[in-house]
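The structures considered in this document are given below.
One chain, chain A, appears in both complexes that follow, with chain B as partner in the first and chain C in the second.
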Partner chain A sequence: MTEHVVVVRAAAPPEARRRTHGWLALLRPWAFPFVLLGLYEAYARRAAALGSEALAPPSAALKALATAAADGSLWQATGFTLGTAAIGLLLGAVLGVSLGIALGLSRRAARLSLLSIEVLRPVPSVALIPLAMLMFGFGVRMELAIVAFATFWPMLILVQSAVQQVEPRLLEVSRVLGLSARQRAWKIVLPAVVPRLFVALRLGVAVALVVAVTVEIAANPNGMGYAMMIAQQSFDPALMLGWLGWIGGVGFVINAAMLRLQRAVARRMGAAP
Partner chain B sequence: MNERLGDWLGSVGVLAALVAMWWVASSAGWVSRVFLPTPQATLASLAEGLNLGGGGNGELLSFTLATVSRMLLGWLLASLFGVLLGAAIGVSPGVRAWVQPTLEFIRPLPASALLPLAISIFGLNPAMVLFVVAFGAMWPVLLATVHGFAAVEPRLSEVARCLQMPRAAFVWKIGLPNAMPDILAGMRLSMTISLIVAVVGEMIASQSGLGQAILLAARAFRASELFAGIVLLGLIGFTSNALLSIAEKKLLRWQQP
Partner chain C sequence: MDGTGFLRFDDVSICLGGREILSPTSFEVARGEFVCIVGPSGCGKTTLLRAASGLVKASAGAILRSGKPVAEPSREVAFVFQDYGRALLPWRSVAGNVSLALEAAGIVTADRPPRIDDVLGKVGLAKHAHKFPAQLSGGMQQRAQIARCLAQKPELMMMDEPFGALDALTRQGLQDELSRLVRDDGLTVLFVTHDLEEAIYLGDRVIALQANPGPGRPSLARMIDVRIERPRDQLTTKEHPEFLRLRRELFAFIEQGHD
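Our next item is the complex of A and B:
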């Protein structure tokens, strides 16, 4: 996916938070979703009583999710999606980071490859779903290929710009010391870009998750996205809603964890968050 | 100047070398032609589909138009509602404190995950796909607007209060201009999402467009048509992105010192 690098700062302004105190402030983030869910519950119960096959109340969705957790299908599908997203991200990240470092170190190489990158990058990753289907068939490999393609570009661009912003004096020092290109990459550049590397990694994780679920919804008969599609096609709105909530929850937890990790790394490496 | 020309030529040369590698790999049969057609075959499929030579069926052209209009309409709706809702939420610190955590929770949800829900509510029709495109693409704009409003310089808010500026004037004269860079960045991201969701929607809801076309081409093992579709989708992504970044530069010129 040709994600642009938009760092939307997530935090609410601190002064707004500090004004209310104690348990009320802790509860506040939950109030709005609970009111919404409550309204929806009431509405969906009435719709279900009238025989709707599209809507299910959240309580039924929770129950369906609990059943899926008990029979193991929940964990199996979640494991598939997360595992594939992780390996695909690893592939995309290794390629993206190494090419990004190379292009970041050599302005000439960066200028020469600019056009090719700008031509290939905007290809939407989902456009490759049919191609991957043709090449690999259904299964892990097609999803890996697409996740790797989608995460490659943001990693490449972010790492390249991170390397270009490495203090030039450090590179001069390495030249004076007569370090080889490989030593320069390992000893000077990599440590200098670690904080930004984790910013790129956080974005990569978000992209990988979204793309993995999308591939499963569009084509690949595995994982959470497919489980949700099947629930829809077998007219099980409760299970489908359960999956939707689960996918959202898993995505939120992983993204929040990555944000914490990135901030912790930035603090330790002494860079501005 | 001369150096820049040299770089540009070199850049074109690298791209040409990549295409040449593609040509060699496919012509020599290193990679099976079942999934890697030759560049000429891809071009021929493009020419036929777009009816360039006059003898084609022009099918790809209508698919492209369908996808582009779906993407643009969804994006416009997303931008409109994103800015409106974002301004409504962002203008009041109270509302922001209550609602923003929920928005942050929904943000990482893949837009395409809403497709099954939308299918069961609206059925398989173009309006359903458009709804999901608009809904999925709305989040970056909405959150960027909220963030832009939250980041208004406190002194400006004080000035507005001293002048007893009505809320609408505050939104129009201080909030929106302040949020503009964030909104434009969000709109760029949302254009990308629009294209992706439009393609996925066409694939699973069988709406006519490039998404459906490439899926059918792959199922029928017509690799050259598949590649023609991918090339067109890449072109759409490239063009929309380039146009938006030009627009962004023009619109934000006043910010430059």
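Our next item is the complex of A and C:
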């Protein structure tokens, strides 16, 4: 399910166009979602009035979410999922980045490992749930392992290609200046790949979040995914919908923050302003 | 100039991808000499320079520096690339870029700032030490690269069309600065250019290469000494009868090369 597709973002719209309309332009993207929510609210209220147990209006979902926030279960589950996703991503990223740099620097190592990577990479990470459950049982470690596995591959592939695309002239400069192999890695290659590394990291964050929630829905009795499942199984569509909206919101905020971070890093590392 | 040959080419030939770029070529460069290499594009002048610095291996023959064969790039040999935009680290300031050469040479942190200030002063970038390459003009970026090379304290400087991408005025300014730097520091320079006037103006000697070498057509086509006194001047030197004579001689050769 986790397809590692690299989405190349189109350049941001010209600054001028954004500025001319001011507040109106800022509000415009919200208009469509709010209209949809309004329509859904009306529809779900009618369905609820007719006795449906599958649908709940957004207002009820919001109320259920507020209750969860008040009793602390919202924060506990959110903290669990985000914490596990973060640590899993850290594991996957550290391994992926170090191996990616090694494979990017050595054509021979890249050739030798190509087959193993191409065989292992397409394994859907959720297909590892049974194996991880056998090895680690329920709980944090199982989820960590799967998140780390899922984020390892995109980090590896992206970092490897970033290293292979380091400006060849800079590598020649390091040769004529007489930099040691270690200096070359730390002073030339690593800084040169940092902007792309953050692109990879942003993708990794998205993957980590998706996989963490999926593992919780499928197996691990913890976190936001599990809370949503429980709400569904106890016929509480309002709470289930509340969780769904919350998970979407959290994902949106994290992705937006990563995008800003990535751009700030790219600027600092000498990208044209 | 001593005749011992600080840098020596002994029947050096270079083949790349099965094609002979440089046919067996021999010449010597004395310590402190400024030698310019001219020729049409594709004549192997850049390849010759890269071989002399150890970036490319010669297919046959030997390149000796101070009597020892050149195998790998060395810190005593600096290389100024034409594409300064790609040769500078965009994430380091001008001072940081210069510092890279000192870091490579294992100079301790405390000793770096005075040496950085020194070379930046020499190339006139003292006020721009904290700017990043993207904030500088092309001429200033090339100065930064030259400063980094000077920081290596090289005894030999390889320059591959360093002013080729600059506008005429900036180029003239940098030519005069380079002449002064080379004289002050007693550097030996191997300077590749496709600009005949630049070659005669800067060089003690000009080596002309021709493209498509083969039997009866060696790569090294001409070698002329430039006996025009220094310091040279953009106006009077370029009106000097000797300058005009050499220019005519080389120009005629380059014209022939295009048959």
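For this structure, a couple of remarks:
To be clear about the criterion, the second predicted complex is superposed on the first by the 244 of 273 C-alpha atoms of A that agree within 3 Å, B and C clash if a C-alpha of one lies under 4 Å from a C-alpha of the other, contacts with A are read in each partner's own complex, and residues count from 1 in each chain.
We adopt the following convention: contacts are C-beta pairs under 8 Å (C-beta built on N, C-alpha and C of every residue); 3 or more make two chains touch, one makes a residue touch a chain.
Since this is a predicted model, take the numbers as computed values, not measurements.
When the shared chain is aligned, chain B comes close enough to touch A:219, but chain C does not.
Shared-chain residue A:247: touches chain B; no touch with chain C. With both complexes placed on chain A, chain A has more residues touched by B than by the other of chain B and chain C. In the superposition on chain A, A:188 makes contact with chain C only, while chain B stays out of contact range. Touch criterion met: A:172 reaches chain C, while chain B stays clear of it.
With both structures placed on the common chain, the touch criterion links A:101 to neither chain B nor chain C. Of the two partner chains, chain C is the only one touched by A:268; chain B is not. Looking at the shared chain after the overlay, A:131 reaches chain B, while chain C stays out of its contact range. Shared interface residues of chain A, touching chain B in one complex and chain C in the other, do not exist. For chain C in complex with chain A, the touching residues are 53, 55, 72-75, 77-79, 81, 83, 86-87, 89-91, 100-101, 103-105, 132-134, 148, 152. Looking at the complex, you find that chain B touches chain A at residues 7-8, 10-15, 18, 34-35, 93, 96-102, 104-117, 119-121, 140, 143-144, 147, 150, 182, 185-186, 188-189, 192, 195-196, 199-200, 203-204, 210-211, 214-215, 217-219, 221, 223, 226-227, 229-230, 233-234, 237-238, 241. For chain A in complex with chain C, the residues that touch the partner chain are 167, 169-170, 172-180, 183, 187-188, 191-192, 194, 268-273. Of all residues in chain A, those touching chain B in their complex are 1-4, 6, 8-10, 12-13, 16-17, 20, 28-33, 36, 53-55, 111-116, 118-120, 122-131, 133-135, 206, 209-210, 213-214, 217-219, 225, 228-229, 231-232, 235, 237, 240-241, 244, 247-248, 251-252, 254-255.
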